[in-house]
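Every chain is named by a letter (A, B, C and D) in the order it is written, and numbering of its residues begins at 1.
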């Protein structure tokens, strides 16, 4: 099939590469001409403007937009001026699913179809394939299946889920039509929410291991710090890199995130490269908003989001106020780091 | 009654003052002679050694120990060498209730009675009276009631709880025999756990108010930070000091901690004096340990404790690991503060 | 001053009573004629339709709407059809502050002013006065001050915050103009968020006390339940009603919510009347949404909201899934209550 | 090598099977004769008493104890009466690491060595191999390596961590000597703590997906329940089984726990078999205790533990108290399920 790609960053470029490798024909556009040239060298057809891009696509056209979330809306609008009835615009970025609902409604007035695709796979997607969570009209999504099948990992070497047999289901091939518009990004949003929670579970647990030798440190003795009750129980100098490694085989927590953790700790157990300011890019927040609106308790997903806020110093006002209250009722002066 | 006080820090000294004002006779001891002299000037009998202290008390002796938690054990042991059967040692500090159980058992072998008293009131206790939570043998606690009655606030001007009438119950006078040894500090421990949770509720809520004008700030646009969906809804420059003040009258959150918050914010709404490193002095931790061992969910009390840990940078390893994972799977470089 | 009240439920009726007692003139309307009659008997002027209501008010009119949150929008719209330029509509209910922004904008087109008032005080407001958090144009809010001053508690017997002197500030009288439209309900929203957190702190802490005798229970011995490590430390039969009572005097956690807790536990320490399904009426959710959008960590406020969700069984799907996973990896059968 | 196994439940029996398959010689004992017979049929040497068991082992003996945590202490003590200097007792169960420290110290007096082994792998361990986390003296652990190598999964088909090359490290073969006594169970404890957190992340996220159609339900309208702001955004009927399946290939959350989740949801998306009472078997609690004592914030691990407590109704007293407070201040009657 023919597909146009708008946005040739790491993700967009790798999608194009997988499609070309899979025998599809790609028209590519980016604001950065160098990004276009790179893919032309790999067999893609470059377009220097959106008009040229639209002209290079055969109706009914299919365009995949892969730009930062803040630019998606404008890009969809711009592209729509060059598209016509029965053309399809796919948003493969990290959009808020509510925006999908609005965009699909707006484009429908012009007969243009909209498909939202949550895309997971990170820097490894080119090789492993990307996991695709898709929202849109069933007929349109069906029409695009050859593209999704190429981008996704396929059933591969991963053992089938017990009870599944015969012709692999769509989900087993690594892509899924989840529902109407917004459903793709809704599922991707929660996917990332879960990812935050899993990451935090590893981070917290390894932090407990990292500090397991606290009993060897000289105890501080003052009225402001709780002394460690039993120092003898915290005398372990643990090798967190080796521990992450050993869990990779046979343990209940084995996972891709554990593999990455093992890699990071093997590179540098002190993680000296990092300052500990952890970004959040939207999906974690939106997952919490959904949990709150649905009335579903989500302690873990929310705590993992808030830990990221705290890592960036966003808890400072509250912490100052706590110190202020302590001074008021107990005359406690704030302790400073030794 | 006659009482000996060991430890003449702010709390110990104020207890002595309330007792003297209430007509009791106080023998006082401290490692710091100046602290002794100060109270001698106010009518107490000073002792320069524990032996002298014990000799100045008439059997059956009653001594109240008010020293930092880390020194209580040694002080009890030292005092016991000078005490005899039927004497009473009261620990009024912030001991772990389990230590009370052990100490009471040890002292019982020598016929010495032990009473644990959780004492709340902070720097205002001299004026308001101290709230006392007491553990120990009923007969012994009963013998000491005149002391507790003087130290506690009394029924005062606080309206009686609906349904209570007649002779005020012990609890209405501001002290309570909670149960056998350890019960006093167990109740005090949970009291402080609740205090942590209430403080955090105010701190978090006021932080949300403090940042209610975030919609006016220039939005950052990058793939690592979630943009604010609707800046128009966050355009409020709120006066947190005035808000804390208005809640003091008629609102559901009116409380002593709110009074203190209003004071702190009135002094300086920017809380510039504070760095935001919040101490924890044991009871919050012990409350969480008890919740876990009892199998009682205590999300709020625990989160308020962990926020204090985070305020002191104890989440750093975990945060670095999160950044490291993000780099591994998505090639995300850590963002630095603008 | 003259004020019209729409909605004569408990809150609306009590506001009218306070206003009448304060010498103001009240026109009242409700869909329930009996509610009108009751207040007519106390000196209010009843109106049987909104048209009659509007006609009974002298321009520039002032109407206070006190209806359930779900009905406020329609009521504002209906009333606006009878109102004219420079009239004022006050929403004193529990509206979402974003709705205030929209409503104020819509009414401004017709020259009608809108004021949002967050009102705290519950069933005790008639006697104690209501704490008022106000959003709207400064000139309009200023015009209404005589009403707010009457409804609010006034400076009363509550000690002034140290450092405050001279003529009492607005906040000290129990009402506060917080900012432009929405600011009143924004502050009230966070007030309730804090209230959730404080309530949860008390509830969790008292639950830890309530279960302090778990060491006396026969331990269950199976691979699915963690045995209690040290039963000797959990042997306390604590009187939670007395403990709540003793904290009311002199302790750091003294507060109105503690007073109410003491009342409830004195009535019935077993709380047998309650099933433990805890409602949430919006403000707690909105506070969490604001915290997430502002990027402010709010572990405690959020956990207290989620505990309410869980209390209503909203965690069931997740819990079933946890049991299902445990069965998959460990062959663990779910344990049933003894 | 020769190994004796005490405790032939699922885990113990499977360990024996892997050892026999690996060419080791096994002596087996259990209180249940049938369990002994079953393994005799597979090549093990059965012993009917601990004395017989000890006699069948050649000095220096090696025994692996695999019994429920509550019975381990007694079993170690009993076995020790039959063992002599330089013999080794391995505890492969889910013991608290502090007990390891005490047991090792006690056994050392008799010259007996103690090794603690945290064992992960569940019902799949026989086939996949068990992940082993080991604590003890280096010389003794070294002596036992042939056994650990057989029980563990080995380097297998799992890709090596980037940067690792040459002879596989111990951790890459699926077992790790973590440190002195207790270190094995300490690491296993935190492993399970992480497992709780990961499980909760999946459970909460899938619960948010499961309820994504809440906007289609008739809204309740009353003052006690927050109405859903935008029902149009919650209109998705999602297939959670297919979603879990699609994430298994190429997504960031791919993991063994996800595989199990996909299996469970494929078997029955309604999870009707389960009541949602989730057990906890100690390690999650101990992980939280360690986090608290180390002063490391562990919001996620703790919340996942508390969710299990709540699932078993342990939050009921707190929830009743919340309802009681709401009734006190607002006259709110508790809502009952429709």
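Criterion: a residue touches a chain if its C-beta (ideal position, glycine included) is under 8 Å from a C-beta of that chain, and two chains touch if they have at least 3 such contacts.
This structure is a prediction, so every number in the text was calculated from the model and none was measured.
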item: Superposing rotation of chain C relative to chain D, computed on C-alpha atoms, to nearest 5°; value: 180
item: A-B compared against B-C, more contacting pairs; value: B-C
item: Self-contact between copies chain A and chain D, residue sets same or different by half; value: same
item: Most remote chain, CA-based centroid, reference being chain D; value: C
item: Inter-centroid spacing, chain B versus chain A (mean Cα positions, whole Å); value: 43
item: Rounded Å distance, chain B centre to chain C centre (Cα mean); value: 28
item: Touching two or more other chains - residues of chain C; value: 122, 200, 202, 204, 206-207, 211, 226, 229, 252, 256-257, 263, 285, 293, 295-299, 303, 306-307, 310, 312, 315, 317-318, 329
item: Overall pattern in which the protein chains touch one another (line/ring/star/complete/other); value: complete
item: Contacting residues of chain C [partner chain B, same complex]; value: 97-98, 101, 120-122, 125, 128-133, 152-156, 158-159, 161-164, 169-176, 178-180, 182-183, 186-187, 190-198, 200-202, 204-209, 211-212, 214, 226, 228-230, 232-239, 242-243, 245-259, 262-263, 266-267, 287, 290-291, 293-301, 303-304, 306-307
item: Chain B residues within the chain A interface of the complex; value: 10, 68-70, 96, 122-124, 199-200, 202-204, 206-207, 210-211, 221-227, 229, 256-257, 260-261, 263-265, 271, 273-282, 285, 299, 303, 307-308, 310-313, 315-332, 334-337
item: Chain D - residues contacting chain B, complex; value: 252, 285, 288-289, 292-293, 295-299, 302-303, 305-307, 309-310, 312, 314-315, 317-318, 329
